[in-house]
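Each chain carries a letter (A, B and C) given by its place in the written order, and its residues are counted from 1.
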Amino acid sequence: MLKKTLDKNTVPVLDVRNLEAVYQMDEGVVRAVNDVSFTIAEGETMGLVGETGAGKTTTAFSILRLLPERTGRIPRGEIFYKGENLLKKTPDEMRIIRGSCISMIFQDPMTALNPILTVGDQILESLEIHNIENKTKKELESRVDELMTLVGISPARKNEYPHQFSGGMKQRIVIAIALACEPLLLIADEPTTALDVTIQAQVLVLMEELKGRLGTSMIMISHDLGVVAKTCDSVAIMYAGEIVEYGTAKDIFEGKVHHPYTLGLFQAIPRLDEDTLRLRPINGLMPDPSDLPSGCKFHPRCVDCMDECRDGKPYPYNQNGHRILCNLLQREKRV
Amino acid sequence: MGTATMADIDLKKIDLKKKLKKKGHSQEIWRRFKKNRTAMVGMFIFVFILLVMIFADAIVSYDTAVTQKISNRFIPPGSAGHLFGTDNFGRDILARIVHGSRNSLLMGIGAVVIGIVIGGLLGSIAGFYGGGIDSFIVRTMDTVMCIPLMLLVLSIVAALGASLVNVLIAMMIANVPHYIRIVRAAVLSVAGQDYIEAARACGTPNFLIILKHVIPNAIGPIIVQATMAVGTMIIHAAGISFLGMGIQPPTPEWGAMLNEAKNYMVDYPYTVIFPGLSIGLTALSLNLMGDGLRDALDPKLRD
Amino acid sequence: MSMLRTVNLKKYFKIGKNRFLHAVDGVNVEIDAGSTLGVVGESGCGKSTMGRLVMGLLPATSGEIFYDGVDILRCTKAELAERRRKMQIIFQDPYSSLNPRMSVFELISEPLVMNRACANKKEQLARVIELMEIVGLAGRFINSYPHEMDGGRRQRIGVARAIALRPEFIVCDEPVSALDVSIQAQILNLLMDMQDEMKLTYMFITHDLSVVKHISDEIMVMYLGQCVERARSKELFKNPLHPYTQALLSAIPQPVLGKLRHDKLLRGEVTDPIDPEPGCRFAKRCNVMKPECIEHDIALQDVGSGHFVACVLCGG
């Protein structure tokens, strides 16, 4: 496992600074991502955790510049990939970066594959698009075999169609396509949510293995703290478009101080390893992203809400890179 | 969460009763329909056409629409007494359009409405129950659809005898398969939804499931298709008349007027423009209304 | 006395000439009044079919379902209708299980109207408001439509519909799978509170063992249409005996730092139980398979204190 201590001399693979993303809807402006910052070092896996509407997928789409053209905008922020600002790239340059430098795995393997092309052709396609070295067709074909072996599927099956594969197998193909051009960064958007637990375990172990072998960095988007605990080096917890807590996996899962939302999330999960009679849900609901509360976005649901939380941005707490966006901790520190 | 205090709920109860009473289903749909300006324009045009049809005799006498007067041939529009001009037999075009509305609307709307009712019923049954009934209905209708429309209509009219009612019956038979197809597809997409099973689980009988759950969710594409078909039906009816079946001259009818005038179209374009406009305007008004109705029926597009 | 009991319940789906998918293959369950049976398994194990069979939404191929001692597969339509009022179901997806054209009032009213449960409109309105209070839906939503609400609130409508006719027995078919964790806990607590207050009996179908742990008295683990293990909830988690149950338990990632263990991984994936061969259906994926596993069918055996397992390694 990689240590999360960032070497200041090397350039991080991804450096997102003060990112904001909005959707311009008829009803008004939806602020999906607000002032999000994080960095990912080479070989590091960051977990992006949050509930529906927290802005996880929007963050991923912003990095790939795949926000819907008509409605999506990035009014502020910078996204550096190996020191280059992706927001300054032309659409053509971005097209090359996508797939060859940064690629993405989507949640649902059932719809991510084209049903009328064989899986071999689909892997081949992504190789052909990014074929900078002008490899021959034969070389590319052998690379397809290599990739299929890599994800644990016999290359003999490359002429079969997606419907002939089960859900877990399809997700392996999707992973093979994503890894085809050996990207430096892989964004996995809930890659195992649509799979059964025993298959999820297989896929997670596979991804872990490949990551170790290829040295790929990864953003693991998930709502499942269990999955994140088993796969990630650092974790960002998102709520209503903001990262409310960010730190190493150790900070999040074993640390002493937390954001109230993080605590709430942990308490709400039914645990196998503990005996509790009653779950403790977080009160209330996720705020409407087009009508966010003032002050701390979590204050209407927070059990420890103070007056100062209702207006004005909360003071960030920062201890050795463990960042928490909450007034509570700041006050304790001041006292 | 969410448990309000007693006083709170009492207050709300009174409030809710008022709210519920105020909002009947049809009023709610009408309220949403009214907000749609284009739909309202469509409705006003259509109501105007309907009024013209109903008060045709009061507007202009039927005689002027059928009496031939060769000396009055091709009087241009705008002349005194002949606002829309006269045709090749010297008949007033305005009068023919006013009196032709009855036959044309009956043909167009009648064929579509009856087609939808029968097609909708059979299509819902086919889509909802599936299996043997479905195959039987669909295969039979596919066979009917293979026969060219005109040929089918002509054979039916030839068998039943040439009359307005028989043409209507023939066009309806020719139309039903299309509606069965459309309705069946729409119903199939709805029938797989969990809420159909949920309704079954709470004891709703099948015919009410079709009526309350399937049809309201499947009606969008049907309305659009139906309103677009009215214009086509009027033209088809004209074709039948032209071939000597259906409405016989000199009875005024928009489609028939188009047919008669097409020989003089180049020299006297107004002879086709006015009946053509009438058909177009009717189809357009219904189309606008149809779109508005579809949106008004869908609570997702509310306000 | 048991409220619901099935005997050798089977459901085969015809999927071609002389080819049958054995969705539910000889399952015996017994649920005591006021208790909860958790039915756990992966997709394709027949757990949802099981729920629909019990509810009478699907006709069974063979077997018996006793509800309060009466075989509901063999009673008259009128009797069945009467029984049906006492049995309700909560669906998995709060998005597709509510008719988008109906308001909250109409949705909650539907079971009341269809079963003529209210004498007049006033009574109906009062009951709808009462139900909304029970499930924790604010009264202002009464004229709202499902698309205006989030998943948690929608699932509350589903719950309100299910309890509208004061049922005794509710099949919960993955009621929280489509919801976020914080909302999931709200709904689970609501279901548990309702059980205490209304003496409800649940059959709780889910793929998630950690969810079912909190709500069930007894748990049944299903694999390809068959029950492989059944035990009291505490016993099952303390002492899982079937290799599949063990694998299922170890595959669930807990929010504790560490790595997933390779050695406990299951090989292969679930296949469809189409005309299955005799023997244990789990044998192909099992890490401890023995030759006798595929020789003949393995029956569920009592290994003591109500713990049943279908495995050659246990009992016998």
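We adopt the following convention: a contact is a pair of C-beta atoms (placed from the backbone, for glycine too) under 8 Å apart; a residue touches a chain by one contact, two chains touch by 3 or more.
Please read these numbers as outputs of a predicted model, since none were measured by experiment.
The chain with its Cα centre farthest from the Cα centre of subunit B is A.
Comparing chain pairs A-C and B-C, the larger number of C-beta contacts belongs to A-C. With centres set at the average Cα position, the gap from subunit A to subunit B is 52 Å.
Here the CA centre of subunit A is 32 Å from the CA centre of subunit C. Note: centroid distance subunit B to subunit C, computed from Cα atoms, is 48 Å.
Residues of subunit A found to touch two or more other chains are 281.
Residues of subunit B in contact with at least two other chains: 1. Residues of subunit C found to touch two or more other chains are 186.
Residues 55, 57, 81, 84-85, 88-89, 91-93, 96-103, 105, 110-111, 114-115, 125, 129, 133, 136-140, 142-143, 145, 147, 158, 161, 164-165, 186 of subunit C touch subunit B in their complex. Those residues of subunit A that touch subunit C in the complex are listed here as 51-52, 166-169, 196-202, 204-205, 208, 223-230, 249-250, 253-254, 264-266, 268-273, 276-282, 285-286. Remark: subunit C residues 42-43, 150-153, 180-186, 188-189, 192, 207-211, 213-214, 237, 247-260, 262, 264-266, 269-271 touch subunit A in the complex. Listing the residues of subunit B that touch subunit C in their complex gives 1-4, 9, 12-13, 15-17, 19-20, 23, 193-195, 197-205, 208, 212-213, 216-217, 297-300, 302.
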